[in-house]
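Labels run A, B, C, D, E, F, G and H following the written order; every chain starts at residue 1.
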Amino acid sequence: MTSDPLVIAGRAFNSRLVVGTGKYPSHAVMAEAHRASGADMVTVAVRRVNLTDKSKESLIDFIDRERIFILPNTAGCYTAEDAIRTARLGREVGLSNWVKLEVIGDEQTLFPDNVALLEATRVLVSEGFIVLPYTNDDPVICRKLEEAGAAAVMPLGAPIGSGLGIQNPNNIRIIKDQARVPVIVDAGVGTASDAAIAMELGVDGVLMNTAIALAGDPVAMARAMKLAVEAGRLAYRAGRIPMRPYASASSPLDGRITPVAAAAGGRSGV
Amino acid sequence: MTSDPLVIAGRAFNSRLVVGTGKYPSHAVMAEAHRASGADMVTVAVRRVNLTDKSKESLIDFIDRERIFILPNTAGCYTAEDAIRTARLGREVGLSNWVKLEVIGDEQTLFPDNVALLEATRVLVSEGFIVLPYTNDDPVICRKLEEAGAAAVMPLGAPIGSGLGIQNPNNIRIIKDQARVPVIVDAGVGTASDAAIAMELGVDGVLMNTAIALAGDPVAMARAMKLAVEAGRLAYRAGRIPMRPYASASSPLDGRITPVAAAAGGRSGV
Amino acid sequence: MTSDPLVIAGRAFNSRLVVGTGKYPSHAVMAEAHRASGADMVTVAVRRVNLTDKSKESLIDFIDRERIFILPNTAGCYTAEDAIRTARLGREVGLSNWVKLEVIGDEQTLFPDNVALLEATRVLVSEGFIVLPYTNDDPVICRKLEEAGAAAVMPLGAPIGSGLGIQNPNNIRIIKDQARVPVIVDAGVGTASDAAIAMELGVDGVLMNTAIALAGDPVAMARAMKLAVEAGRLAYRAGRIPMRPYASASSPLDGRITPVAAAAGGRSGV
Amino acid sequence: MTSDPLVIAGRAFNSRLVVGTGKYPSHAVMAEAHRASGADMVTVAVRRVNLTDKSKESLIDFIDRERIFILPNTAGCYTAEDAIRTARLGREVGLSNWVKLEVIGDEQTLFPDNVALLEATRVLVSEGFIVLPYTNDDPVICRKLEEAGAAAVMPLGAPIGSGLGIQNPNNIRIIKDQARVPVIVDAGVGTASDAAIAMELGVDGVLMNTAIALAGDPVAMARAMKLAVEAGRLAYRAGRIPMRPYASASSPLDGRITPVAAAAGGRSGV
Amino acid sequence: MTIRLNGEPFEIAGPVTISALLAELKIDSRIVAVEHNVVVVKRLQYDTTMIGEGDVIEIVRFVGGG
Amino acid sequence: MTIRLNGEPFEIAGPVTISALLAELKIDSRIVAVEHNVVVVKRLQYDTTMIGEGDVIEIVRFVGGG
Amino acid sequence: MTIRLNGEPFEIAGPVTISALLAELKIDSRIVAVEHNVVVVKRLQYDTTMIGEGDVIEIVRFVGGG
Amino acid sequence: MTIRLNGEPFEIAGPVTISALLAELKIDSRIVAVEHNVVVVKRLQYDTTMIGEGDVIEIVRFVGGG
């Protein structure tokens, strides 16, 4: 176990990168990308069994359950009630009481309905769920979710699958400053530097799916994200230099040779 | 040797991160940071021997010359002639004909004097030097330097030591598009994500000193920079997802359970 | 009346700039700034009469009520109930049923408590108020407020008084795309270009206080904001040119004189 | 004459906005856009008379020479010599010794060849020209041009016609801080806020062509640019508020009514 | 009797009407609003609304705000 | 009888238990979950939970998601 | 004789002055400038500047530009 | 005699070779470079290069830089 684990609800994860299982070219590529990402938690969706074609290979067979913890989500739910039903079904399938809680409020942006999300969080917490709600970058709703018993808060960096990167770093930093539970940036990351930027804001982890699954080379991008999350975390802990508008020399000013203009006799070596 | 080396003038380097040797809390910390950075090329300055106190421990003793190639610079020179003299002296000390060529044009910004830089490049190339000029993010001057025989071009991302990050990504990308020699972003990086952003623009390497040497924990930041450069390079090669203003779902839309509102009898599970 | 008025709840305003009445060096400077801003709507707060010192000159005497419509706010309220009480008191003082509705959820950011805001909006709309709620840049809550009967939605650009400018232009644009009531960016503007940027996103107006009241010269800044709002609106309606990474010549390529290099005899005019 | 004129080489201009004459839908639209822009200086190119079709209406007939000063450019020249020849021809046509000096170094970016630009500036200054060189955002080359006798320096904000806006505000600010001649941002503006941003950096003026000429409605955009330049200038002089990451209330904290929670008896008005 | 006026205890001979209270306080009723036990009082009711022992009164006006 | 199974009408000789339904459908009960009239059914109750005419059944599993 | 006029070969009975050339071309001399063998010609010299065989002439005007 | 060494006047019995100067200064010649009157001196020439009255000598080494 790493010396700097991500701890949620008392459970420690080696990796601060959480990845998805959707939209990969194939289950095989997904499995390889999971390995490259170093993630030990992945999200899955809960959907109906296909009754007409049960031959389809099972997703689960391509997840290394020895190493990887499975986090069911409630993606696609537009009401607290459906999200709650989906969370309960996910618990029965996975025999784990963790849930990435989504209650969607808008089809175009897939932004959360925070009122319903708060209601669903309260109900599921009361039923013993470990609730990780996907929300937007609003410090107030994040605090309400925390007070409702959320085990972590997961503000979005940008719309799901948009790849726009962290749209409002100031809000994310404020959320982290105020939170007493882990903060995981969920959605919006497009490339490695976005993940590093998120971690440099001080958050505890980053969750992404599309940026890896739909990259030209998902396995290479998975490794890039692993390194970027580690880099951002290390840089945050190391403490960056301040920004200044002008320069500050890296080489000493003393001990330079006498400029030719000033040199005795001004003899030239050129 | 890595499968994706940085090759300059026929010489291959494992790391695309080049670091400096100035401003560290101590030579010992520098040596540890060098190890953590994975760099196999470091820059040094050429300065007068201190005649009154020769006891001072030598910088060279703290550079692992087995693994690390030493690149003398001409920092602090304000004329082509002094830069040329300094380059020649550096060659005699190091017995290598490589030089990071700086001709400074302004004390506040430490921006290059590109007219003098071009002249000095021509002279040193004619004397058999491998010239790596530090310049600004101007595609035209970069091409002139390349035509003058520079082995690589090193545009700045922001003023030396400013930590502002890449101020003009569009210019850096254009420089890389046009260049037929390696492009190394030199100066301006403040934290890990800045290095990743530079590499994601497609450049061949990043050179930095202050961001590591003056970080709260130089060794941790050196490792962060190593990972960030690798992450940015991998992401660039993997091919990132396109940006879109709206969302794109990660979980399938088909197979969701029937919403309660629509469910037969609308019996509630909540 | 302008040909492009801001129409809210059937009432037309000449100016798309709404300004505040707080934090000015003096009531006299405020009155002059109001004139310079061209605003015909200003916000006021509702506070207790000072019983020990009733001599204090009245704010109202410094507002040109012939020209300027007064919009009472519920600033400082942390519950729906107190916001509702304050709105009702404001109506009695001003004899107008308009209210800038604020329900604050956090002291550090002054971000709204959107759950309570929604509740207060419903109650006040049912009592015949014209409700202009201050909210954050969340398209989902904006739609809920609209459905609750808000006459306009007023998403914040950045924290009140922060001067950070529009932190999430993408969200503001989405809110405008989805809204069927006017969208007014409320809070966060720091300087003129911020106001222009907001208007270029297509929103219907901008509301600000601190950026003018605490500027070095409030009257000059008020005029700057007037011009910037008009400029941004005009630019939005005119239709800007597309962005491209490379250049596109402004002067014709045809008809240039023959370059000397190619000129007959190559005679030189230099 | 305004109280805050743009003064170049002793000549005062009312407007800090300089516009072009290329790429308009028609000469008539151009003339109207010129009026709307308020500009009293416009740039023109020098090109061969069309010998086969001399019927073509003359550009000059559509420029209000009573009010507008004509500034010939050397657009399209790739050598110092051709730029000098073109400047001399422009002087003969216009009977004015002012020139917007361009020496292009790259076809894709239309970025300047600063080495040749400097040479051409020296020659033309020696011939009595008032030289306004188009250059890039490099403080060092700007100082060299000033020392060579340029009457103003005109750094680019982004590639000509790109509409990307000011790519490197820090460099533009530094150039202005160091310059003792007027600084005019030339090229790169895409919409009104870009012009305001440029002026807020403290520069003396903005020059643009494509952003107006190719806008959906050139006349409306011309007016937008006029207002934006004035807004940015006023805001710069007024002095903006500082940025802060958290909020600062606009309404007083004292004098709020007692919250219901705390109110005697807690009787509810809701 | 003692009432709570703008958050402070306040002694007044009473019971009195809101009109009487405003007069006593020399407050121009046209630029203020009054809340009586957490309920806003319409101006028309100032003459008829009686304030009694322990009642909670808030008297507000407009001040500068954003 | 006719039940509603995963949103579609489904004919089955019944009443039957959930276990019987899963067996009939050849579904491995270890990788699915079942909802009976909007209430999740614990696995232990598959043998004892009877499905009747018109009942609404949802059978779900894990699929790729984000 | 043949000269090079604005980059193209041009036949004209010559030698002629620049004034004559402009007249022949029906060009209003007030809105153009003329370069003779890479040297700009002042207007005052149009009558006295002779164009000979093979000379290179550029005649330019203002057009729209940025 | 007096020479200018690293920017300062320096007294030494001379003329001397560069090797002698370095020895006098106790400087390890393998980690420095020497410039004689603005011309760099190759190591092989240290023994044969004579320094005379008023000559300008620079002796440099590597130090930390960026």
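The criterion applied here is as follows: contacts are C-beta pairs under 8 Å (C-beta built on N, C-alpha and C of every residue); 3 or more make two chains touch, one makes a residue touch a chain.
The structure displayed is predicted, hence computed values, not measured ones.
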Next item on the list: Kindly list the shared contact partners of subunit B and subunit E, in label order.
Entry: C, D
Check: With residue numbers as the basis of comparison, which of the pairs B-H, D-E or B-F duplicates the interface of C-E in over half of its contact pairs?
Finding: B-H
Next item on the list: Pick out whichever of the two, B-F or B-H, is joined by more C-beta pairs in contact.
Entry: B-H
Check: Based on CA centres, what chain would you say lies at the far end from subunit D?
Finding: F
Item checked: Distance from subunit F to subunit A - Cα centre to Cα centre, in angstrom -> 35
Next item on the list: For subunit A and subunit H, let me know how many angstrom lie between their CA-based centres, rounded off.
Entry: 60
Note to self: Counting only Cα atoms for the centres, state how far subunit A is from subunit D in Å.
What the structure shows: 43
Check: Roughly how far is subunit C from subunit D, going centre to centre by Cα mean, in whole Å?
Finding: 27
Check: On subunit F, where are the residues touching two or more other chains?
Finding: 7, 35, 38, 40, 58, 60, 63-66
Notebook entry, point to check: Mind pulling the subunit C residues that touch 2 or more other chains?
Noted result: 20, 22-23, 45-48, 73, 75, 85, 88-89, 108-109, 111, 159-161, 164, 170, 174, 209-210, 213, 245-246, 249-252, 255, 257, 260, 268-269
Notebook entry, point to check: Which two-chain combinations touch?
Noted result: A-B, A-C, A-D, A-F, A-H, B-C, B-D, B-F, B-H, C-D, C-E, C-G, D-E, D-G
Margin query: Considering only the defined contacts, which subunit A positions touch subunit B in the complex?
Written below: 20, 22-23, 45-48, 50, 73, 75-82, 84-86, 88-89, 108-111, 123, 159-164, 190-193, 195-197, 200, 209-211, 213-218, 220-221, 223-228, 230-232, 234-235, 237-257, 259-261, 268-270
Margin query: With touch defined as at the start, can you tell me which subunit D residues reach subunit B in the complex?
Written below: 105-106, 108-109, 111-115, 118, 136, 138-141, 143-144, 158-159, 164, 167-168, 170-171, 174, 178
Margin query: Taking the touch rule as given, give the residues of subunit G at its contact with subunit D in the complex, in rising order.
Written below: 5-8, 25-27, 31-35, 38, 40-43, 58-66
Notebook entry, point to check: For subunit C, which residues are in contact with subunit G within the complex?
Noted result: 249-252, 255, 257-258, 260, 263-265, 267-269
Item checked: Of subunit G, residues touching subunit C in the complex -> 4, 7, 35, 37-40, 54, 56, 58, 60, 63-66
